[in-house]
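First the structure, then my questions, so here it is.
Per-chain residue numbering starts at 1, and chain names A, B and C are given in the order in which the chains are listed.
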Amino acid sequence: MTDAPMVGSMPTSAPSRGGATVFDVHDVSVHYGDFRAVRDVSMQVKQHQITAFIGPSGCGKSTMLRCFNRMNDLIDTARVEGDISYHGVDLYDPAVNPVEVRRRIGMVFQKPNPFPKSIYDNVAYGPKVAGAKGNLDDVVEQALQGAALWDEVKDRLKESGMSLSGGQQQRLCIARAIATDPEVLLMDEPCSALDPIATGRIEDLMVEIKERYTIIIVTHNMQQAARVSDRTAFFTTEVSEESDRRTGLLVEFSDTDKIFTNPADERTENYVTGRFG
Amino acid sequence: MALTTPAAQVGAIVPEQVRRQLTGRRSDTAGRIFQAVLIGAVAASVAVLGVLVYDMVQTGSGTLTGRLGDFLTGSLRSQPGESGLLQGLRGTFYIGVFTVVFAFPIGVGAAIYLEEYASKSRLSRFIDLNIRNLAGVPSVVYGILGLAIFVKALGSFTGPSSQGRSLISAGLTLAILVLPIVIITASEALRAVPGSLREAGYGVGATRWEVTRDHVLPYAAPGILTGTVLALARAMGEAAPLILVGAVTGFLSGGTELDPTTLGDRFTAMPIIITTWAGRPGPEWEQATAAAIVVLLVVVLLANAVAILLRNHYEKKRG
Amino acid sequence: MSDLTTPAAYTLEDFRGSRKRMRTEHLVRAVLFLAALLSIVISVLIVASLVGEAWTFVSQVEAASLWSDGWFPRRGIYDIKTLLTGTLIVTVIAMAVAMPLGLGAAIYLSEYAPAGVRKLLKPVLEILAGIPSVVLGFFALTFLSPVIVQRLSSEATQFNIAAAGIGVGILTIPLVASISEDAMRSVPAALREASYGLGARKITTTIRVVIPAAVSGLVAAFIVAVSRAIGETMVVFIAAGATGGSLFSTDPFKPGQTMTAAIASQAAGTDQVRGAGLTFQSLFFVALLLFAITLVLNVLAGRFVQRVRQAY
């Protein structure tokens, strides 16, 4: 962990690489107490791609996303069934330490949530708790450059992260996430609290950094999904027979182009053309 | 109502009439009397505080202005004009120390466990309920606990020279008494920490303790501190448990040293001195008692005021 | 740093995490758990320390001495009804003082007070709550007794139950005010607006809408205040005057004894609990009774508070 992540120093001509499977999801259902929020999700997430989750509110996009870094462990009532493997390792094996998972699979939240600490400390925190010793200046600088924030904050690293604008705060959160040198970034509606300009910057950033990371993004903005993602998963809800409650399920998962131009499922078509939801 | 009158009729209504309808209320006598009664209730409550403080300062002023230094640094005597509070101040000081040393860390630790670690299991709900009920147990019952455990059962440890009737017994008893208060206020402070802050910490791969130590506790610190100061003030003002664990209500020789090796000896404390003096006849003892009360009030109310201001300050800052 | 072209071959070992960090985590968790568990230990100790001696008392005391005409433990006379009556009278007087004042203050603060006034008054009430009970005991004895009680009744002695009751009442005003105010403030604004929308006046809205909606919380405030009054020791100990013991009496203008003051006065003065026969054990018996009564009241109050939470 002492070697700094090489973000920002990527050759711009590197070809896009798909192929290797990062997550292999098989028949995953998630319950909150007695309530089944999503059922029977199976999918494969490929390396160095941006995968978008779209679908109506409450269909379990966030719930699914939080399965990938075991964030659901923090909710007392949440229970995950089925298999999720990460490069062949069962993420829910009892021997797996969720803390290690989260260091390798970073997360960016809907509302920017910097720590009420300095910009520097925000970024340095992850490496520090992971055991990084010595001077973290390089790590901090490269992470901030990787999040396209360095130029704006390099002269005020000691100022509070809360003093930044909303868009800057969200990029600070991205910097904080990539400072631990993760392989995957999970983003749950990262732009929903931002104005169009800040949103544009983050979208550009995502496309830029996908050479280094595998990204899964939840979004309600279909243009955003179409613009940035390689693959798109469409979720929806159905009302279960036994109870009145809605359960989410994965309807269709394929190349983004196909989802938006030639979806296989009628429900997908209705949703992307705005006839539903 | 006038404002929803159909448009067709609007022309018929003279502005003067509308104004009268909107402003010319029925004279609301009942309402005004009710409000006056309410204000009376508030005024009476506040007045009690005012009268009490004024009365104490008034009665105690002779002693306080005449021989303040003497009064604070002298020992208990048989004459009201010579008696001082030093032994009581020392006892109350050490009771405060015991509270901070025991109730604060244990109480905050318990609150952290209940709020940050425990799942909402049956055990943690039971512990929660138990703490709420402990907070309502009368202080004299805690005194009985102290008497049975620290004085009788553990007397040879808590006070070999005093048969257990020592400041150690008293301090531990009062630390137990305020423990539920510390836990409850600390829990409230922890619950006020936004979940997004915790998620941020977990999201970069911090452990539960790291998230708690680095993010949750700093955020909750002002609230926890406020609760602790309130608990401290409560402990320093309690008398009933001290009577049970054998605080000296009469004459006490010694008990003036700050040296902690004397903690096993017999002791007294401010509220005990006040209780004892209050029972003695004559205006001189009354003046001395009032003066002692002013000293205790300064300590206790100052602590309270600091705690309240601290809390209000941070509440405002966080919106 | 992981290779960019080929995915790292991960094994479970990579996800175990640092041994040292996990050890700290487990250790901290265990320590915090013990801290939380201590509260249960304390409860058990309270009950255990009460029950043993109380049982000795119950099994050895002569039944006749439990129903006589006074509470004089050092002489073997343990008339419980003397203490219960004294406690009841103090509590009734205390509630007669605290309920109207506390409730009135709560209604004013919650419904009428402008924000600025409220911000000023709340801390004042909180400071009132912070006054040690010995102070109120002395105040009851030297101020409330001569200035109020002895004017009400020329028969009143200097030490009397009434002054102690008023003192205890003053002590519980902030408690009543704060619980009731919380209850009324948690009544949704929409309910008030609906009432105003019908053209109701403020007094009507307060009395017909807000107070009924908050009634569970007001009941809780009352029960908690009763429990607190029953458990209050020092005001009665200082101002009600019956130190050695007390004859059965229902006269609030005469000295009297409550359960709490009876416990404290056995311990005071002699610097150690002693006396003939079962004096020591009788304390534990009274304390157990006191503990049981307040526990029942607190659990009951908790139920009512719960109801407020569920409603809104």
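Basically, a contact is a pair of C-beta atoms (placed from the backbone, for glycine too) under 8 Å apart; a residue touches a chain by one contact, two chains touch by 3 or more.
None of these values were measured; they are calculated from a predicted model.
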Chain whose average C-alpha position is farthest from chain B's own: A
Innermost chain, taking as reference the mean of every protein Cα atom displayed: B
Chain pair with more C-beta contacts, A-C versus A-B: A-B
Computed distance of Cα centres, chain C from chain B, in Å: 13
Interchain centroid distance [CA atoms averaged], chain A/chain B, Å: 47
Centre-to-centre distance between chain C and chain A (centres being mean Cα positions), rounded to whole Å: 51
Junction residues of chain A, two or more chains touched: 99-101
For chain B, residues that touch 2 or more chains besides their own: 207
Contacts with 2+ other chains: residues of chain C: 21-22
Residues on chain C engaged by chain B in the complex (per definition of touch): 21-22, 24-25, 28-29, 31-33, 35-40, 42-43, 45-46, 49-50, 53, 100-105, 107-109, 112-113, 119, 121, 123-128, 130-139, 141-143, 170, 173-174, 177, 199, 201-203, 206-207, 224, 227-228, 230-234, 237-238, 243, 260, 263-264, 267-269, 271-273, 283-284, 287, 290-291, 294-295, 297-299, 301-302
Of chain B, residues touching chain A in the complex: 119-120, 196-207, 210, 214-215, 218-219
Residues on chain A engaged by chain C in the complex (per definition of touch): 3, 5-6, 17, 20-22, 47, 86-90, 93, 95-97, 99-101, 131, 181, 183, 211-212
Interface residues, chain A side, partner chain B - complex: 69, 71, 74, 76, 99-104, 106-109, 111, 113-116, 125-126, 129-130, 173, 176-177, 179-180
Residue ranges of chain B in contact with chain C within the complex: 1, 28, 30-31, 34-35, 37-42, 44-46, 48-49, 51-52, 55-56, 59, 105-107, 109-110, 112-114, 117-118, 124, 126-127, 129-134, 136-145, 147-149, 163, 165, 176, 179-180, 183, 207-209, 230, 233-234, 236-240, 243-244, 246, 248-250, 271, 274-275, 278-279, 286, 289-290, 293, 296-297, 300-301, 303-305, 308-309, 312
